[in-house]
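After the C-alpha cells below, expect a handful of questions from me.
As written, the chain order gives the labels A, B and C, with residue 1 at the start of each chain.
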Amino acid sequence: MSFFQADNLSINFGGIKAVDGVSFTVPKGQVFTIIGPNGAGKTTIFNLVSRIYEPTQGRLVFEGNDITRVPPHQIAALGIARTFQNIELFEHATLLENLLLARHAHKKSGFFAELFFLPSVRRMEVEHREAVERVIDFLDLQQYRDSLIVNLPYGVRKVTELARALCTDPKLLLLDEPSSGLNVEETEDMAFWIQDIRSLLGITVLMVEHDMKLVSAVSDQVLALNYGRPLAMGSPREVQTHPEVVRAYLGG
Amino acid sequence: MATRATDPCGRTGRKLAIFLQLTLNGLAVGCIYGLVALGFVLIYKATELVNFAQGDLLMLGAFVTFMGVVWWELDYWVAFFIAIVVVSAFGALLDATVLRRVIGQPQFAVVMLTIGLGAMFRTFASVTWGSEIYTLPTPFSGVTVIGGVTLSHQYLSIVAGTLLLCGVLYAFFTHTRIGIAMQATSQNQLAAYYMGIPVKLIFSLIWAISAGTAVVAGVLLAPVTLIDINMGLAVALKAFAAAVLGGFGSIPGALVGGIIIGLIELYAGATLPEGFKDTAPYIVLLLMLAVRPQGLFGTLARKKV
Amino acid sequence: MRFLFKTSYAQDIQLFRDRVDAGWYGLLAVVVLLLPAVISDYYVGEVAWVFIYAICGVSLMVLVGYTGLISLGHAAFLGIGAYAHAYFLQHGMPWVVSVVLAIVITTACGIIVGLPALRMTGIYLAIATLAFSVIIQEVFSRWESVTHGFAGMPVGKPVIFGLSFDSDLAFYYLCLFFLVITLWLTRNLLRAPTGRAWVAIRDSEIAAQSMGVNLAIYKSMAFAYSAALMGLAGALFAHKIAYLAPDIFTILLSIQLLLLVIVGGLGSLHGAIFGAIFVALLPPVIAILRDSIPASLADATAATGIGLFGLIGEGIGSFLRKPGVEAGIFGLILVLVILLEPRGMYGRWLKTRIFFSTFPMYKRATFKRQKTYMKSERLR
C-alpha cells in the first residue's frame, strides 16, 4: 500500500484536457516534485488533490482510502494541507489568527459551548495556541505574531502560508511554488525548511516548483509534465537530462 | 362593449385583446426596467461598481426635462436633449470626483456609497422641486386601436425608444474606436491601460452613457408613473432584480431580464390576488436564483488559485 | 505608552485585554447605569433606542463585518421578531416564552434565507435578501389574521415574571441587560473557532475550505445567529415602538442598519455600538439643531447688529425643516465616511487613541492604506 497515489487522473475544462491521465505515487517521507512549463497542469493537479476541482476521470488514494469523492473541507482533517501559489491568507486578520484557523480541523467544541465560552473551550484554545506556537518557533515568525497580514512583506506572507499549512498537523503537505516571488536568500531558507519539514517533522511533501536549484536541492523524485501529460519521472538529475523534458523547456 | 358582447367570438376575442394589451404594457414597463438594468450592467462591467443611484439619476433626468418643458416652455425634444446632456455630464462628474476614489474598496462599501448618493439626490430634488407629483406633457398622448387592442402611444414610444437606444449603443460599442476601447477596458483594466487607453476617461464616459440611459428611461417613463422624487427608487429595485435575473454583467441579459420582470409584474397584477403584482417578480427571481445562481446569461466562475 | 507583558496563552483569549482595560469597561458600565439619573426622561427613551439599534448592529456586524455576507433584508428579520413577539403576547404567552419563540422563528427564517446564500456572494446575495424582505413585507400587510395588516398591531409594555417594565427607566435597563448579554455571547463566539471560521470565509473562501471549514455550515450559522439577534432586537423594538405596521420594516430600514455598521466601523463590535449611537441619536440632534441654530444666530444678530447671521440662521433652519432632509444628511455622512474613513468611527477612535499614546511619535503612515488597482471581486 502506497502512502499517496494518483491513478490516471484527468480533468477537462470545456474540451481542453488540462490534466490527462497522470499517475504517480508518493512514498511516505519523501519530497516529490512536479515540474513543467507554464500551463502544464501542475496547479490543476493540486486543486484536484485538495478536491477543489472534480476530476473527470481517475482516482486519488491516500493512506489506503479513496479520497476522490471526499468534500474539500474534510481533506484537512485527513491530514492533507496545502499552500497557494498566489497567497490566500486571511488578510484582515493577524498572523496568529491565520495560524489558529488552521487548527479548525482539530476543533472539538460545539456551538453552544463556544457561545458561553465554557472552560473546555478555553482549554482547547490554549492547546491550539501551543501547537501554533511550536510552528511559529520552527519558522521563526515570533516578531510578526500580532501583525495583520496586509501589513506584512511578501516574503513573510509566503512563510506564513507554509506555517498555516503546518498548523493543520498534516501528513502530506502540498506546496504550490513555495519559492515564487522570493529572492535568492529567502529561497535558500525555504529549501532548508522543506528539508527540515521532511527530516525533522517527518511530513511527506508534494511540491510544484519552477526553481530547478531548489528542486534539485530538496527533491527525492521529480515528475515532469507538459500539456497535462507526464513526460518523465525519476531522480532530479534523470528528469533534468531527459531529452523529452529538455525539448519541452527549450522548444524544438 | 354591448356591441361586442353580441359578437359570437366576443369572449375569447376580448380575452385575447386583454392579453395582448397586458403584454404590450408589460413589454413597455419591462423596457424601462431593461434600460435601467442596462445602466447597472454598463457600469458594473467596466468598473465593478454597482450603482444604486441609477434610479435617482432617472428621477433627476425626468425632473430636468420637466423643468425644460413646463417652466421654460421649451420644445419636448430640446428639453429631452438638454436633460440627457446635463445628467450625463453629472454622471461623468460623479465618477471623476467621488467614485474614482473608491475603486479597489470592497464592493459592499461602494454599494453603500451609491445608496448614500441616491439619498442625497432625493433630498436635493425635494428641496429644489418639492414633494409634489408633476405631469410631463409629451407628444405621445394618443391611442391607436387595432382589432380591439388599444395601443397607447406612450407605451409604444417606450418600446420604440428602447429599441432605438439599444441600436445606437450597439453600433457605438462595436463600430467606434472609443466603444471598442470601452469593451477592452471592461475586459481587463490593467491591460487596457498598458495599451494606452485612457482608462479614467473611459470610466467617466461609461458613467455618462449610463446616466444618459437612465434619463431616456426616466423621460419615457414619466407619462406613465408621473414625476415625483421617489419615482426612481421602485424602478431601480425592479431593474436591479432584472439585471440579476439576466446574469449581472450581461447586456442582453439585462434587457431580457427587464422584459421578463415587466411581463411577470403585469400578468401577476391582472390574474393573481392583490399584493402579488409587486412580489411576483421577486418570487420568480428567488426561484431562478435557486436553480441558476449565476442568472440567465451569466457564467459561474470560481477564483483561480 | 503602556506595554503589556504576557505570561500565559490564556491571557490572549480573555474577555478584556488586561486589568486596566477591564477597569475602563467597568467605568463605562457605571456611567451607563447611572446615566438615567442625570438625563431627562425623553433622553432615557432615546438611549434605549441606542441599545436596541446596537443589538441590530451586532447582528449585522456578525454577518457583514465578520462573515462578509451582504444582507439588504435585515429589516424583515426585525419585523418577523417584532410581529411574532407581539402575536404571542396577544395570545397570552408569558414574556420570556414569547421572546424565545420569536427568536426561534427568526432563526428558522435566517436558516431558510441562508440556504440559497451558500451558493451566492456579493450582489446576488444582496438581491436575494432584498427579494426576501419585499416578500416578507407583503406578508406583513396581507396576513391580517396575525399581523392585522395596515390597521396595525398595538404592543403593550413588557411584564416579566409579574414585574412590569412600564416606565422608560425600567425599559432602559431591560434593553441594556439584553445588549450586554448579546455583546458577551457574540464576543465569546468571535474569540472561539466559530468566529475565526467566519473571518476566514470573509477573507478567502477557498483557503478556509482547504483548512477544514465547512462553508455551508458556517455561512448558515452566521445567518442563523444574525437572525436570532435580530429576533431579540425585534421583540424589544415592538415594545419600544408600541404599534407595529408593515411599512416600518422596509428596505429603507435595512439600509439604515447597514449604514449603522459602516459608519460605526466594519469588523468590530465597538463599531456596532458607535454606529448605533450615531443612527439613534442623529434624528434628535437634527431636531435640536433645527430650532437652536436659527435661535442662536438670531441672538448673534441682536448682539452684534450684523443682520447676516440671522439670515443664515433662518436659511439653515428652513432647510432643516424641509421634508426628506434627514435622509439626505444620512446619505451625505455615509458618503463622507466611505470616502474619508472607510474604517468608520471605531477606526477614527483607534487612530486618536494611538495618536495620544504614542505622542509625539505618531506616524500618519501607520494607517495608510495601500494604493491598489482594481481588484476583481467577480471571482470570489
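Note that in this section a contact is a pair of C-beta atoms (placed from the backbone, for glycine too) under 8 Å apart; a residue touches a chain by one contact, two chains touch by 3 or more.
Bear in mind the structure is a predicted one, so any value in this text is a computation, not a measurement.
**Q** Closest chain to the overall C-alpha centroid, by per-chain C-alpha centroid: which is it?
**A** C
**Q** Farthest chain from subunit B, going by mean C-alpha coordinates, please.
**A** A
**Q** Could you grab the centroid distance between subunit B and subunit C? Build each centroid from C-alpha atoms only and quote it in angstrom.
**A** Subunit B and subunit C have C-alpha centres separated by 33 Å.
**Q** When the C-alpha atoms of subunit A and subunit B are each averaged to a single point, how far apart are the two points in Å?
**A** 48
**Q** State, to the nearest whole Å, the distance from the C-alpha centre of subunit A to the C-alpha centre of subunit C.
**A** 41
**Q** Could you list the positions in subunit A whose residues touch two or more of the other chains?
**A** 52, 84, 88
**Q** I need the residues of subunit B touching at least two other chains; which ones are they?
**A** 302, 305 - these are the residues of subunit B that touch more than one other chain.
**Q** Touching at least two other chains at once: which residues of subunit C meet that condition?
**A** Where subunit C meets two or more other chains at a single residue, that happens at 206.
**Q** Which residues of subunit C touch subunit A in the complex?
**A** Spelled out, the residues of subunit C in touch with subunit A are 9-10, 12-13, 185, 188-189, 191-194, 196-197, 199-200, 202-204, 206-215, 221, 267, 370.
**Q** Quick check: in the complex, which residue numbers of subunit C touch subunit B?
**A** Per the touch definition, subunit C meets subunit B at residues 64, 70, 116, 119-120, 122-124, 126-128, 130-132, 134-135, 138, 141-142, 205-206, 251, 255, 258-259, 262, 266, 319, 322-325, 327-335, 338-339, 342, 371-380.
**Q** So in the complex, the part of subunit B that touches subunit C is made up of which residues?
**A** 47-48, 50, 98, 101-113, 115-120, 122-124, 126-127, 131, 189-190, 229, 237, 240-241, 244, 248-249, 274-275, 278-279, 282-283, 285-286, 289-290, 293-295, 301-305
**Q** So in the complex, which bits of subunit A are touching subunit C?
**A** So the residues of subunit A touching subunit C come out as 50, 52, 71-77, 81-82, 84, 88-93, 96-97, 100-105, 107, 109, 111, 114-117, 121-122, 125-126, 129-130, 133, 150, 164, 168.
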